[in-house]
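What follows is chain A paired twice: with chain B in the first complex and chain C in the second.
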Partner chain A sequence: MSSFEMSLGRVGDATTAILVGEIDSGSAHQLFAVLVPGGQMLIDLSSVSYVSSSGLRALLLLHRQAREQDTRMAITGVADEVRFVMAATGFLDFFEIAEGVHR
Partner chain B sequence: MSDVMSFTFSDTIAGTVSRHDPVGRAFGLVTADGREFEISLAGDPSAELLRNLQEPYVDASGHIDDMLEAGRFLFVYGVFYPEGSPPRFEAKRLIFMDGKAAEFRFEEKNWWVDQLEKIAGFYRQAQFGEGPVDFAGYRTEIRLGGEKTTSHVQETDTISRLVYGMASAFLLTGDETYLEVAEQGTEYLREHMRFVDHDEDVIYWYHGLSVNGDTEKKLFTSEFGDDYHAIPMYEQIYALAGPVQTYRITGDPRIRRDADATVRLFDRFFLDREQGGYFSHVDPILMSPDHESLGENRERKNWNSVGDHAPAYLINLYLATGDRRYADMLEYTFDTIVERFPDDTHSPFVQERFHRDWSHDTTHGWQQNRAVVGHNLKIAWNLMRMHTLRPKDSYLGLATAIGDTMPAVGSDRQRGGWYDVVERVKDAGQEAHHFAWHDRKAWWQQEQAILAYLILHGLTGREDFLRDARRAEAFYNAFFLDHDEGAVYFNVLASGLPYLLGTERLKGSHSMSMYHSAELCYLGAVYNNLLISGRPMDFWFKPHPDGFPGRVLRVAPDLLPAGRVRITEVEIDGSPHDDYDAQALTVRLPETPRQVKVRVRLTPEQAS
Partner chain C sequence: MTVIDSRTRIDSHPTHRIAGYEVRTGRPYPFGVTSVPGGLTFSVYSDRARSMTLVLFERGKDEPLAELEFPADFRVGSVFSMTVFGLDPETLEYGFRADGPFDPVRGDRFDASQILVDPHARLISGREVWGSPPNRDRIYPYRSRPLLEDFHWGDDRPPGIPMEELVIYETHVRGFTRHPSSGVSAPGTYAGLREKIPYLRELGVNCVELMPIFEFDEFDNPHTDSEGNPLRNYWGYNTLGFFAPKAGYAATGKYGMQADEFKALVKELHRAGIEVILDVVFNHTAEGNENGPTISFRGLDNTTYYMLTPEGYYYNFSGTGNTMNCNHPVVRGFILDCLRYWVAEYHIDGFRFDLAAILDRAGDGTPLPNPPLLEQLAYDPLLRNCKLIAEAWDAAGLYEVGSFPSYGRWSEWNGKYRDTVRRFLKGDSGVVGELATRVIGSPDLYDGRGAIASINFVTAHDGFTLNDLVSYNDKHNEANGEGNADGANDNNSWNCGVEGPTTDPGVNALRLRQMKNAMAVLLTSQGVPMILSGDEVGRTQLGNNNTYCQDNELSWFDWTLGESNPELFRFVRHLIAFRHAHPALRPAWHPYDAVTWHGVRAGEPDWSAESRFLAVTRHGPDGDVVHVAMNAHWEAHDTQLPQPPPGLEWCLAADTAAPAPHDVHPAGTEPPLTHPGRYLVAPRSTVILVGRAPSDQPPEKESPWLSPLPSP
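Our next item is the complex of A and B:
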């Protein structure tokens, strides 16, 4: 069983979601709990060590759901390995990549 | 409510001339179900000859009396007047199928080839204008005349269907304008719509893109109401239609790899290994058919998920490769169809939707307990193709049973043509299967009827099947060709007049985009010429040098009985080439560093 945790916070007007661990078939569905309608949303992946294909698909659907709810969503802290997988599958193009979370 | 017709109305009658009275200005016309109408010519009708797409109008008004020979088939549009019983019918427009009474213009050798070329020209112009082919400018939504709208959407399936049509146009004409579109479209799909899942070693295809200037947003899951937020098998199947038809021509090994990886997707995630068949949807994250997010699509199977593999890509993949694995998969899908779909005790129409355990789903969405007439015909058509590859009594039996049953329940015996969606079961007191929404006729269902009855006749020799094929071809060619704007109409009213409201005005949508109209032209030409009339045909290929394994080009135009056609001539880049197996329908390609253009003449056995 993979380990996965997430915590929500706020930075200015934006809701932040810090994800920790592996996003795979076991944890992918939990991502949808982070979404808050309207406003801005920053997904921090700096503590995510692995994203499986089902995790990528979940991120993509999260992005779509955010769009439908008028939530502006960005991701940050994409590790090189995860960035490589997202780039290779074309997923990176979907997302707004933010510089980082200023805590 | 009055029980007497007391008003005038206009309508079409399709039938065969039984008698003609030039002095009395009238003739008799017998419908497909044997009812005779007295047709008055006193209303001074116009008359015309059937014309192919964008051919000029050919007036025959001055020859009506000469042409109304007994036995001739024609369409008559006119007005019913409530004057007597039966009401008086005055003709206003006659459509003859040919100058000669016993002939049909759509059986001319180049009828379907010419039609396909016109359709391909329409879509080439609509999508890319006079300039170079650039799929960045492709749009799914195009209007009646081919103009683009404000929509920025590029759907995977519509590109694939356009590619299918363009590849088919090259196969029949050798015009590289169309191959260029097919190859570039295939490349665009690979670059923009393909997801390579390295974890699972499969490929799946995005629903589409929304393009705005230099930015594109991928649309991962279906945007259609039936399938929203799910990955429907149907879309994945049709994503392969165009690339695989292109593969038949070029042998591009990348297409083969993509097709194999998509078939692995079907095997891994859609196949029900316990109870058989393929699920219609999987959820977009876990790729599971039983995830609760699927709602009414959870653990469901349907016609599309089981039956659409064969016509959309799998037969063509087999034709291009001869690979036994594809033949096995075809056999599996057809065995599933003959085992699960017939439902004679309840309805003359097959059952199309199922739960996981194959119990009937009669409450799903719009379908409820309704039949899509064209799906029944599609089953008959494709069973006959499969019966050629691996003959089984069960295939032939179900195909001919559908062929025998459908005209009375799914076609319009008064006006010609085939209906859309009807109730599978008649309620007490109902004489006909009632229409789900309307009595209009869609172009793709006419296609299924034409191909079903052509191949049923071609392989069984039964003349009644030829009569039904001709009636279907006549209705389609008389009423679906858009001589004003180009290509074909989506829907016509029962009488044959085009229905041009709402989305049915559009010519690029997910079902319209050149797939069915091109498939009809391609196979209409093949069946009419090679199976029925015994006339040779030329086919064109342009293989890549690293393409087909062993440099063996397979040129069978469809699943035809062994020995029914043979190769009689091959040219490569314009020069004769004699390294081919005439019976096996294969050509050994020369070793070259570049693509070569191959023309192959196929000659039916009865033509020698």
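Our next item is the complex of A and C:
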């Protein structure tokens, strides 16, 4: 089983979720715990080394849930390889990418 | 409020325990793997197997995780099905062991020591990265995998372009962007092709036909080059799995995301107004003859899937060792399932069937007058709007161009169009009469089926590129390692005076003009034009007319050609736009009464054997009128033009003899002729005129051009 951890914090009025490890079929379901209705949500992927097929789907589902709850969700710190995979599979098109993150 | 999870089913609980896994009998249909609450259902057909075992692997591991024999009561008819709970589809690989008789004379070749690929496998692992050396000793080298089939299609819809409006561009996923000059982030992949969509838009094509993208092994090739280096199977007409996109064509194949990457490509092409046709190879599989590897079909039900001789050997109508038994009722179902899947799951717009004459043979090879498979595909509700295109011949001499059973739906690669236009362009005698029928959609072949039954092409992946067609008299296939014995010998090509590359400016000018002539004839012919990728920039394969094994710069699209040969690209681009602008060129049906023929004198075509000049005027809706003069003669002809319709004057759209930029005028800017009633058609040139109403401020008058050319 791959390792995955998650921690929540706040930067100004935005909730920040820092994800660490690999997002795959073993860990993807944990993502949905981060969602806070309303406001802004920043998903920090700078410590995520791999996102599997299930992981990409979970991120997209999270994004859609956020929109239904009027939460503005953005992702940040996407590592080159993860960004490449998201771009090649078309998933990247759905996300707002925030450049830089202030911890 | 209590909500019952709609995914909960009253049958989603195990009833048996096998090899440590909780299982129950599965729904036998559909075949392959289906995701159910809490588990996966596996379903596989074998009529003659005595028993069947599901073999599970953790991804990448050498030894199986478990082997689960299907209990006898999990079999319904000839179908073995089982739901296994607690599996992670993302890390699972699976296969089957089928046990049964080994009696080749009766057709049975069961071998329980082999683990077999699921014929319906949605993903296949083992060839994730193109060119990475295979491990031949690995147990079960190609492995079935489940697929997460959901995809963010959004509002994607098939473009639904009428057949007669298509301009097809035949290309190879890897070859299109693998060349170092492509400049894409992932060369040679679906993602790379997606980055080049702006180029396709600029060119103006509205359909890409992709050479095989079903999973295959590029190492499946026994030949070596002259230095003993192994050659690859670059083209991929050796299918391992008919439901699985090739992983090695995906930049994300190593993560198993080839399906998502390919779907992203289809979606983006659709958004750009470009349809996707797949070249599909149902005539044979990668298992070869009795000496070939047992991968899937042979071990599951040899007598169902293959055409066998009375002695139990393989008929070889495909030239590759075996022949799929396409009209067997079970195989028909398999092919239908497969095509429906690609339409429903991947939003594919059409299919081109490789060696399609095999699709109308019976189990013993006899051609059927009313082949059930072809009829079924023609009437299938899901395939109703799909383009169905037959390569209407096979490798055993069955040639059905013009006679392929069509059911009002099938089009054909018109090999006679190719041969006739090639012979005309090189200056053969006695071709003008046949040329006339070819450029108006081959009514001799497709009467009652319409011009849209004719896929017109001068070149395709199989054979010379356009540049090589005008640069070589003979094939030069030494690099293929068979002493130049492979590939077609009847190319109808002409090298314009020198075999191969030359610095002679006269020869090079003639070659460029001949390429423009071919494009001008092709893009003004009725029927559906198909362009071979790279021909718009003069791609060469150095005379090799069978580059199936050349995974290198011989085959790859060289993106610097567009810069070194902008003239040809510009010419083709404007001609495609011209075709889109003029419905007179593309009626779906044969417009006998809307066509007039001309020779040097208007209305007096010269059908004699030594005639090498033909002009045709075509009338379309809303007064659209186009006149095309084709001169394959080495002499110029001072021709009389027919009267343009009242209120219109002839304007010059293209003259392949004129130096650029006067060789083609962008649609809407065609200048009127200096001498309205006549046109001096230069040697070996094509002239395209369009009828336009005189404008208040006429553009600069255009004079015909003449330039010296060598005699043949």
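Everything that follows uses one rule, which is that the second predicted complex is superposed on the first by the 103 of 103 C-alpha atoms of A that agree within 3 Å, B and C clash if a C-alpha of one lies under 4 Å from a C-alpha of the other, contacts with A are read in each partner's own complex, and residues count from 1 in each chain.
Rule of thumb we're sticking to: a contact is a pair of C-beta atoms (placed from the backbone, for glycine too) under 8 Å apart; a residue touches a chain by one contact, two chains touch by 3 or more.
Everything numeric in this text was worked out from a predicted model, so none of it was measured.
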item: Touching partner for A:87 - first (chain B), second (chain C), both, neither; value: second
item: Partner chain in contact with A:60 - chain B first, chain C second, else both or neither; value: both
item: Touching partner for A:13 - first (chain B), second (chain C), both, neither; value: neither
item: Contacts of A:70 with chain B and chain C, given as first, second, both or neither; value: neither
item: Shared contact residues on chain A - chain B and chain C; value: 25, 52-54, 57, 60, 85, 88-90, 94
item: Residue ranges of chain A in contact with chain B within the complex; value: 25, 28-29, 52-54, 57-58, 60-61, 64, 85, 88-90, 93-94
item: Partner chain A, residues of chain B touching it in the complex; value: 192, 195-200, 216-221, 229, 284-287
item: Residue ranges of chain A touching chain C (in the complex, touch as defined); value: 24-26, 50, 52-54, 56-57, 60, 84-85, 87-91, 94
item: In the complex, chain C residues that touch chain A; value: 88-91, 148, 150, 152, 185-186, 189-191, 250-252, 255-257, 260-261, 263-264, 267-268
